[in-house]
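Below are structures written as structure tokens.
There are two complexes below, and they share subunit A, which is joined by subunit B in the first and by subunit C in the second.
Right, the complex of A and B next:
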């Protein structure tokens, strides 16, 4: 009888990995981590002791680029030789199926490494007839299968058997069609753009939405860059910072007023009260290259003396994306969070926190 | 006015996050002369189905029949093949006595066995019929709407559910609402959390609202479509003659 009660006291399995480093160190892995997390839907920047958009961020925020929404795109069109030559092989092409739920429907995603990932349910897998492996979070009877197709493989050319089989499966046996979010990054010569490749009525270009707000009289925890665990009475730990940041970004009241029944959360001790803090939120299909630029600009923020001791950059991934970091499978049990958070200090030390939900692997 | 209520509920179900809904008709045999009517086709009730929130698919609406049986003679209806029963997607039975529970689990051709949650169980569950039901692919159904309405029923819901869990170990459970109003609906992830209270593990609780329901629908489809297997055997000395031997029951359904 006590087993259900015990289970109620435990939260569903979740994982928070904290790393420490220095942004200018030669072997710093911050760019690698950002690059590995391909699909990002929201970026939030919180700068304490700042009232308005800093100069360093102005250009980065203005230059976020565009992403495209293509409705009703059959997956076999991503296998076209022209598409692979123009977009997949040159630069980085990101595509993610939109308006699908990872725990119920079929999903597709194209990684910048050229791998096409299809996450399909049991019926679709059996009808499709392609080689895949059961999902790791599926239980004893697999209900979900993951199919990976490498588009840049040398064996994968239009005359090969592999290509013919995949094309036949996706075109005739069981045509799969999704609404896709697409983005393409090409450093270097301009080639044809995605806008010109797809017919006009299908594709729509969108810009990420940017909002700014200033928070007044915010309680901020005191942090020391070399103390990840926090010292009692001196600084807060990374877990406490993570919870506090979640509360602030979700506009939870930190007062713990006795009349409020919604939240009894308080800012962790020790903390200081800052007059104002600047919060910038960017929502859309944001590619890692832009986030690296943003990170660089934020490091330049501290090149001039500032009141703030630290600032944070939080990036959320899509809840229904089939992959989290690199090709690690991502699932949705009761929450599909896969996010990471940078805390950058004045001396350019950084803390990196990567958080995952129940059906997820440990990030690299 | 049933159609008005239903259409309002459908809009709410997609907002809350369900992708398939079954409309239930309850038939109680205590009253005399109960005729089972043909199920109302969903396309008549809802000319255009709403799209499920967060996806681009439409809501799937199925029809379901619940038979409340308190006497073995009531089960005869299920054996006959020429009634409107065949037109329903899912058939559930609500046994009121221990003997009927045993019959429902072992021999009756149904998809779901409903567990009483509104009053104290008149009988205890025993392992043999429960295990047979699990082998046959029959699922046990628990309702959560009575728990929302009344605190006494809440106690009975939890105690009956926990006693079922002790026997079946969390397998083959489906949690559903018996909602008559949109306010009595709860989101699928909330219902999965309720499953934790009944003693299911995290994975089993989520399955109780997702994969087990899919399995029940498939069980209903196979029940509707498969009647028997016929195979022919050639006799050795008479080459032209062929003999047909009707096989007994259909094969075990595997979800």
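Right, the complex of A and C next:
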């Protein structure tokens, strides 16, 4: 087959990794993985053999906190000493440009580590004149550059040369302005001070949207926590579970026969039919600290005897975030997927599946 | 594969929004997307297909941050 025809059959690269652990193991990395994934737009919890919101989740779901939208915020205002002292050095501050496309537009994000990430096109990079590096997924001719500024660096203070240069670049040379999604987490302190920092006409407080539904007569795959590859006639593999979960969350019919005209997708074998399953969906700008609380409460769900053998927690990242896990660069090729899924078993073993698209690095 | 045809699954079809989720084998991804793009007529009526989201993971289609609407 000639090279162009061969290329027609190539699907974009993607990655799905699966890790097994135990939630109560001292060296378990489940919380670290959640913490490293800063920007999350959707969290879904699926609990088989459950008809309504369990008691353990009530407080976690009620306590999701608020996030904020700040319209037309110039990036240089994130360099203000007062902002850095109040929100970046204390607690965890998350900011992500809203409604920008990572494959077309300039975008910005602030990580809780204090790193300000700017993902800009070639023209903007040259106009800004700040030091950065070409995007890893830019091809032979770099058309996208990443600039990282550490706001908590000891050298980065208002009297220093570095700060003056960055401020001049972002304020006068090439002012950048975005609508930002913001959240701040500080254990022990009230979370309302972001609201008082920005002008009232610029900032809006929002709560994540929560929806509940009960699925009836759901076919669920049989899983064994120590059989990641599945065992013929006994349990399903992690990939089969991952695809099945996608089918459930997208309301795909699981009942097709192989000769069906429309669809041949079926629930993987072996499976059992459960009378009911509880599905909770949270959308918005959800910070890792809240997801860790949810995860902890889901582990507590099994502290009392339950019919369910396992439950799942699925988290979708923002397609247009400049980073996936930690500071790994994230891009949008044909899709911007960066998501992860926990399967928590009765004995608190867990599977953690992390999925990434073409313009992405392997997760840590 | 039968001749030049590719088996495609219509996993979901929502009449209200006229949206569907299709599944195809990886090797047929480019062909299917191209075919949808070039499909301009159906039974002598003009039509157009717009691809909203693609992913190798069905689960990724459940959450599209580009459609996140803030109140």
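The criterion applied here is as follows: the second predicted complex is superposed on the first by the 343 of 364 C-alpha atoms of A that agree within 3 Å, B and C clash if a C-alpha of one lies under 4 Å from a C-alpha of the other, contacts with A are read in each partner's own complex, and residues count from 1 in each chain.
Simple rule for what comes next: a residue touches a chain if its C-beta (ideal position, glycine included) is under 8 Å from a C-beta of that chain, and two chains touch if they have at least 3 such contacts.
Bear in mind that the values here come from a model prediction, so they are computed numbers and not experimental data.
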_By the touch definition at the top of the document, which applies to A:12: first (subunit B), second (subunit C), both, or neither?_
both
*Once the shared chain is lined up, is A:227 touching subunit B (first), subunit C (second), both, or neither of them?*
neither
*Tell me which partner A:327 touches in the superposition: subunit B (first), subunit C (second), both or neither.*
neither
*Would you sort A:103 into first (subunit B), second (subunit C), both or neither based on which partner it touches?*
first
*When the two structures are overlaid on chain A, which partner does A:44 contact: first (subunit B), second (subunit C), both, or neither?*
second
_subunit B or subunit C, by number of subunit A residues touched_ = C
*First (subunit B), second (subunit C), both or neither touched by A:66*: neither
*Figure out whether A:337 sits in contact with subunit B (first) or subunit C (second), or with both, or with neither.*
second
*Jot down the residues of subunit A that show up as touching in both complexes, subunit B in one and subunit C in the other.*
7-8, 12, 101, 320, 334
_Residues of subunit C defined as touching subunit A within the complex_ = 7, 9-13, 21, 23, 26-31, 53-66, 68, 70-71
*Which positions of subunit A touch subunit B when the two form their complex?*
1, 3-4, 7-8, 12-13, 99-101, 103-105, 139, 141, 143, 179, 320, 333-334, 358
*asked:* Going by the contact rule set out above, which residues of subunit A touch subunit C in the complex?
replied: 7-12, 14, 16, 41-42, 44, 69, 98, 101, 204, 206, 242-243, 245-247, 249-253, 262-265, 283-284, 314, 316-320, 334-337, 339, 341, 355, 357
*Report the residues of subunit B in contact with subunit A in the complex, numbered from low to high.*
19, 54-57, 162, 189, 192-193, 196-199, 201-203, 206-207, 210-211, 255
